[in-house]
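Same chain, two partners: subunit A is paired with subunit B first, then with subunit C.
What follows is the complex of A and B.
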């Protein structure tokens, strides 16, 4: 019987099945400081151990300050959460990349760069953006703290089998430096909506996907959760195998693995998906979100929509758009390129990898950040930071007036010192523009790294297709 | 279960407004509860009473995997969220930790139920009685295994 890639990975991980729910084996468990303390406490209370310490890896990313690492952490609750993870990892025998480790970084950045993320594996993490790892053909689920405890104790997770959803992305982008993976995924979410993928595992396929680099594929899979999907998946290919070769935790007999992956990890040509959507990337424009969820996004050449037009007769959609515009303090009909910004954030598990920074630096080189803007670049990991500095990117950003900071989740989620003040407007390369996400009363516009960089220079959004990015 | 309704006529109520990021560092559940719904409704914690229900639109709980979201609602007294649909991680967290019941209702029930209505929810009969309006609505039954986990009092108490 022909199978999809998802079904192949799913079937090969079933330990037992009952009433339509399966107990799945977990190959890799990634842990961070925010969703794990109660899970470890639960183990302790019940006298349980971590079943597979060798398959469990931890780091601290959500509430670490991104300023000078030699200084103490001022926020006591953050400091406690970080120390708690250190203590738990020591007590339970788990590998931790702590705040001073050269491998510290955002959990979804370090998994792939250390070769912890491998094709055909199952990965879980107490974080919704775990879908990122799907770019490597890994079935990766975001879970809550109860499930974190369950996985720590059993190395298994109980799940109902998700439906399969194929998104075929076709066509050659005319200017791939200006129209990025971020613009592709935002355009898709705009079309299918924030619940368009609910209950499904999305497999992204098609010639556009094949053309993307691994880092770009991660940006696509990362935002699967913003469409409500349980996971996003891309079949591994030669680029995947090349990317992981020689990484710290990649297997020693690597070529044998590659042969197995190459042979097995793809959907059969006659495999049936429960749902299918075809998308042309050929003519898409750079995207800018205007509202308070990632589907509220439009072309940079467009205007802020009128709620009644956005709703298209659906009163709930119309009300939602009106509320969003009120929060965002935007007037319908305003040109997107007339929206003036106060802050720029280049970072997060969506867009903080070396290529994101390299592309953004091309826009910035030799220019100055607008006097009205405070702009920061936050590399996704210490390794990204080191590699970027070797290329001189830090100098390009700093010369232009950007802050060049230490790795972490930073201004993506408002739980460390990097936050927006109420009323501040930010061009952000992160993944969520929810109300208050980047700080109470803060206003987020989701964009690609090149769009964010250009907005920093000009003080408002500009169509990066008009810039020379080659 | 009997209680009164706090209604938000909104789709996509995300976990960042249910429990904003800065409070994810709080470990004390009672303290977490004082910040429940703060991103959307600053008066929620003053208003909510033990046994209350939240009624909301589509895709309730979308976004982050933070279990703090159902925990904060639960410890503020919310027994169930009645919504048109739920985001999956929120749904799962609510059931696994036995924090609250995520109940799917249909469009007509959603429209009919008003803020402050008194409801009686009977999950064994899949029925919601509106005591204020003297009406009965059907709720979507829980899938069999979810029902068993709920009955057991969460994932850790459930024995296959």
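What follows is the complex of A and C.
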């Protein structure tokens, strides 16, 4: 029987089935400081151990300061959470990339760069953006803390089988430096909605996907959760195998694995998906979100929509849009390029990898950040930071007036000191524009790294297709 | 986990679609290392103005719903972040049942793990419940919602029904499959 890639990975990880649910084996478990303390405490209370310490990897990313790492952490609650992770990893025997490790970084950035993420594996992490790892043909689920505890204790997860959803992305972008993977995924979420993928695993396919680099594919899969999906997947290809070759935790007999992956990890040509959506990337524009969820997004050349037009007859959506505009302090009809900004954040598990920074640096080189803007770059990991510095990107950003910081989740969710003040408006390369996400009362516009960089220079949004990015 | 019993109370109407877990419990309260005490932070930025003054126009601050244990929500409730703190906050505040047309997947799962019953109902039923002024009774055993003298059936996965009714520890349940887990580990190199 023909199968989708998802079904192949799912089926090969079933330990047992009962009442229509499957107990799946978990190949890699990534742990961070915010969603794990209660899970370890649960193990202690029940006298349980971590079943597979060799398959469990931890780092601290969510609330680590991105300022000088030699200074003590001022926020006591953050400090406690970080120390708790250190203590738990030591007690239970788990590999930890701590705050001073050269491998520290956002958990979804370091997984792939260390070769922990591998094709055909199952990965879980107590973080919704675990979907990022799907870019490697890995079935990767974000889970809650109770499930973190369950996986620590059993190395398995009990799940109902999700439906399959194929998103075919076709067409050649005219200017791929200006119209990025971020614009593709935001355009798709705009079309299918924030619940468009609920209950499904999305497989992204088509010639546009084949053309994307691994880092761009990660941006696409990362935001699957913003469409509500359980996971996002892309079939691995030569780019995938090349990316992972020689990484720290990649298997030794790598070529044997590659042969197996090449042979097995793709959807059969006759495989049926439960749901299908075809999207043309050919004529899309750079995207800017205007509201308080990622589907509330439009073209940079467009205007802030009128709620009734956005709702399209759905009164709940119309009310939601009106409330969003009120929160965002935007008037319908305003040109997106007339929106002035106060802050710029380049970072997060969506857009903080080397290529993101390289592309943004092209916009910034030789220019100055607008006097009204405070801009920061937060590399996704210590390795990204090191590689970027070797290319001199730090100097380009700093010369332009950007802050160049240490790695972590930072202002994507504002659990560390990097937050917006109430009323501040930010062009952000992160993934969520929810109310208060980057700071209570803060206003977030989701954009690509090049769009964020250009907004930093100009003090408002600009269409980066008009810039020379080659 | 405490076994789930019948719940009867006024239902708090939260009339908003796409409520994300960042709203249910904002990020500044995720730094605690225990599971308890999150109720005071539930919907914090909607419940309080700066300085901690209760916003009169937010439904949780309406004294009529002070003892409510049922939350009425709208489409895609609990979307966004996987933070289980959102469910801990709802539970700690006192909500044991959430009724909506749809839930985000991770949130839905997290509810059952903490003894909260999320119920999916069709649009027309939800509208009816939103307009109800009297108490609603939710009976998991019979899978029914009683409101205004009528009984509305609801669906629930048998697995979750059993876990809630018996207050089971799902880790212990999985560990009953130890032999199969060991067998899988022996035959699969990861």
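Keep in mind that, in the parts below, the second predicted complex is superposed on the first by the 470 of 470 C-alpha atoms of A that agree within 3 Å, B and C clash if a C-alpha of one lies under 4 Å from a C-alpha of the other, contacts with A are read in each partner's own complex, and residues count from 1 in each chain.
Just so it is clear, a contact is a pair of C-beta atoms (placed from the backbone, for glycine too) under 8 Å apart; a residue touches a chain by one contact, two chains touch by 3 or more.
This one's a predicted model, so the numbers in the text were calculated from it and none came from an experiment.
Asks: Superpose on subunit A as described above, then tell me if subunit B and subunit C fit or clash.
Replies: On the shared subunit A, the partners clash.
Asks: Now for A:422: first (subunit B), second (subunit C), both, or neither, which partner does it touch?
Replies: It touches subunit C, and subunit B stays clear.
Asks: Could you say whether A:25 touches subunit B, subunit C, both of them, or neither, answering first, second, both or neither?
Replies: In the superposed model, A:25 contacts subunit C only, not subunit B.
Asks: Considering only touches as defined above, state whether A:15 meets subunit B (first), subunit C (second), both or neither.
Replies: It touches subunit C, and subunit B stays clear.
Asks: Does subunit C touch more residues of subunit A than subunit B does, or is it the other way round?
Replies: Higher number of touched subunit A residues: C.
Asks: With the two complexes superposed on chain A, say which partner A:154 touches: subunit B (first), subunit C (second), both, or neither.
Replies: It touches subunit C, and subunit B stays clear.
Asks: For A:77 in the superposed arrangement: first (subunit B), second (subunit C), both or neither?
Replies: Touch partners of A:77: subunit B and subunit C.
Asks: Should A:459 be classified as contacting the first partner (subunit B), the second (subunit C), both, or neither?
Replies: A:459 sits against neither subunit B nor subunit C.
Asks: Quick check on the output: what are the common subunit A residues between the subunit B footprint and the subunit C footprint?
Replies: Dual-contact residues (subunit A): 18-21, 34-35, 37-38, 62-63, 75, 77-78, 80-81, 126-128, 142-147, 149-150, 158, 160, 194-195, 198-199, 225, 228, 230, 293, 316, 319-320, 323, 413-415, 432, 434-437, 440.
Asks: Which residues of subunit A touch subunit B in their complex?
Replies: Subunit A reaches subunit B through residues 18-21, 34-35, 37-38, 42, 62-63, 75, 77-78, 80-81, 126-128, 130, 142-147, 149-150, 158, 160, 194-195, 198-199, 225, 228, 230, 293, 316, 319-320, 323, 413-415, 419, 432, 434-437, 440.
Asks: Any idea which subunit A residues touch subunit C in the complex?
Replies: Contacts found on subunit A: 12, 15-16, 18-21, 23, 25, 27-28, 34-35, 37-38, 41, 46, 48, 55, 62-63, 75, 77-78, 80-81, 84, 121, 126-128, 142-147, 149-150, 153-156, 158, 160, 162, 194-195, 198-199, 225-226, 228, 230, 293, 316-317, 319-320, 323, 413-415, 422, 432, 434-437, 440-441.
Asks: Spell out the residues on subunit B that touch subunit A in their complex, using ranges where they run on.
Replies: By the definition above, subunit B touches subunit A via 9-12, 14, 16-17, 20-22, 24-27, 39-40, 57-59, 62-67, 85, 87-89, 92-93, 96-97, 143-145, 148, 154-156, 160.
Asks: Once bound in the complex, which stretches of subunit C touch subunit A?
Replies: Spelled out, the residues of subunit C in touch with subunit A are 16-18, 20, 22-23, 26-28, 30-35, 45, 50, 74-76, 79-85, 87, 102, 104-106, 109-110, 113-114, 157-159, 169-171, 174-175, 177, 180-181, 184-185, 188, 190.
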